[in-house]
């Protein structure tokens, strides 16, 4: 299998994750990268901080991988990485790569992976502004 | 705009194309990489050769970019690169990256881009085997 | 019955601590009971009840889930990973 | 009427050349006429007619498209880029 599911503290690289899902029988690789935006609701963001409950986060990432295997049998390899700690504008917070024999499956599985990750994986984002900081996910919180 | 549409003779890098579509307002990047497979129909492939009619190929890539802009207004940047010349197994022949404010648009636009590229862009692939070579795209040809 | 409760992200910051050790009375062993016991000590968490995710081990559980002695209950704010 | 025809990929290899210069008679100026004139010189291309894509400049054209003097006609095998 060689699938990879991890919460990491280092910068994420599309080249590296593409190499991780590289497989002689795979013809297509789809990569999703979530990038730190410079503003939220019009308010300039200085930087972000991500926190995870890593053991459960990695378990949930593995569950997503298992669901992909069950639903898209043409998928060859899956890699899902979430970065935590301080991230600057433009850096990648999440990187998902799926390789498959046929590209349709890679597109569908990769989208399923990020959609499900956002719902189920225990990770929290704090936005740092010039004049304060806010945990994301609860309006007015 | 800063969109990029090119036929190139050098290896393609997901890191480089991700950087090319990086944009402060973009929250998601979807990358598609087409990878040289080690076999076709059960027959081991030694390497591939791609040929393009580059001026028209780049014009057709630009047309795809324009169609994406018209259809998915949330798309921020598009980059489409096709490599030509000799490619080894596992190397990337095509690399497409789309950044957008919302990830759904990036997934849809990226898939549209590769699907349309395969139908409209004048590029031809020759498979080299241990005992011969075949232009792809015409059975028995 | 002893239960250790772990607080994450904004909950940890709001309560000023990472964990709360509870002794739940016999027969009052649900996640909801544990939440109430935590809020009794940290009333600043009360408004978050409708948004809270509960987990034990690596699995989400409902508020009526019954805890076992030694369970560790995880209190999560709404998740916001990904991008 | 002078028309230059460019051959690509397998067509170039089958014909052993990259281009063919044609003089089309007046009134016989369609892409189809140019194809026939090319095949008259390179009969090895005849079987490929149903699969061939025609282009002028950067645009695909149909077989009944009328060429203008000085046009360059591109003869493409089925495209197979991407992966």
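In this document, chain identifiers A, B, C and D correspond to the written order of the chains, with residue numbering beginning at 1 in each.
As a convention for this text, a contact is a pair of C-beta atoms (placed from the backbone, for glycine too) under 8 Å apart; a residue touches a chain by one contact, two chains touch by 3 or more.
All values derive from a computational prediction rather than experimental measurement.
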item: Chain labels contacting subunit A and also subunit C; value: B
item: Result of counting contacting C-beta pairs for B-C and B-D, higher pair; value: B-D
item: Distance-maximising chain from subunit B - centres being C-alpha averages; value: C
item: For subunit B paired with subunit D, centre-to-centre distance based on mean C-alpha positions, whole Å; value: 26
item: Inter-centroid spacing, subunit D versus subunit C (mean Cα positions, whole Å); value: 73
item: Interchain centroid distance [CA atoms averaged], subunit B/subunit C, Å; value: 49
item: Distance from subunit B to subunit A - Cα centre to Cα centre, in angstrom; value: 23
item: Residue list for subunit C, restricted to those that touch at least two other chains; value: 83
item: Subunit B: positions in contact with at least two other chains; value: 27-28, 34-35, 37, 103, 114
item: Chain-level touch network, classified as line, ring, star, complete or other; value: other
item: Full enumeration of touching chain pairs; value: A-B, A-C, A-D, B-C, B-D
item: Subunit B-facing residues of subunit A, complex; value: 13-15, 17-18, 22, 24-35, 37-39, 89-90, 92, 99, 103-104, 106-107, 110-111, 114
item: Complex contact set, residues of subunit C against subunit A; value: 6, 8-10, 13, 48, 51, 53, 55, 57-58, 60, 74, 76-83
item: Interfacial residue positions of subunit B with respect to subunit D in the complex; value: 34-37, 50-53, 55-57, 59-60, 82, 93-94, 114, 117-126, 135-138, 141
item: Complex contacts: residues of subunit B adjacent to subunit C; value: 27-28, 103
item: Residue ranges of subunit D in contact with subunit A within the complex; value: 83
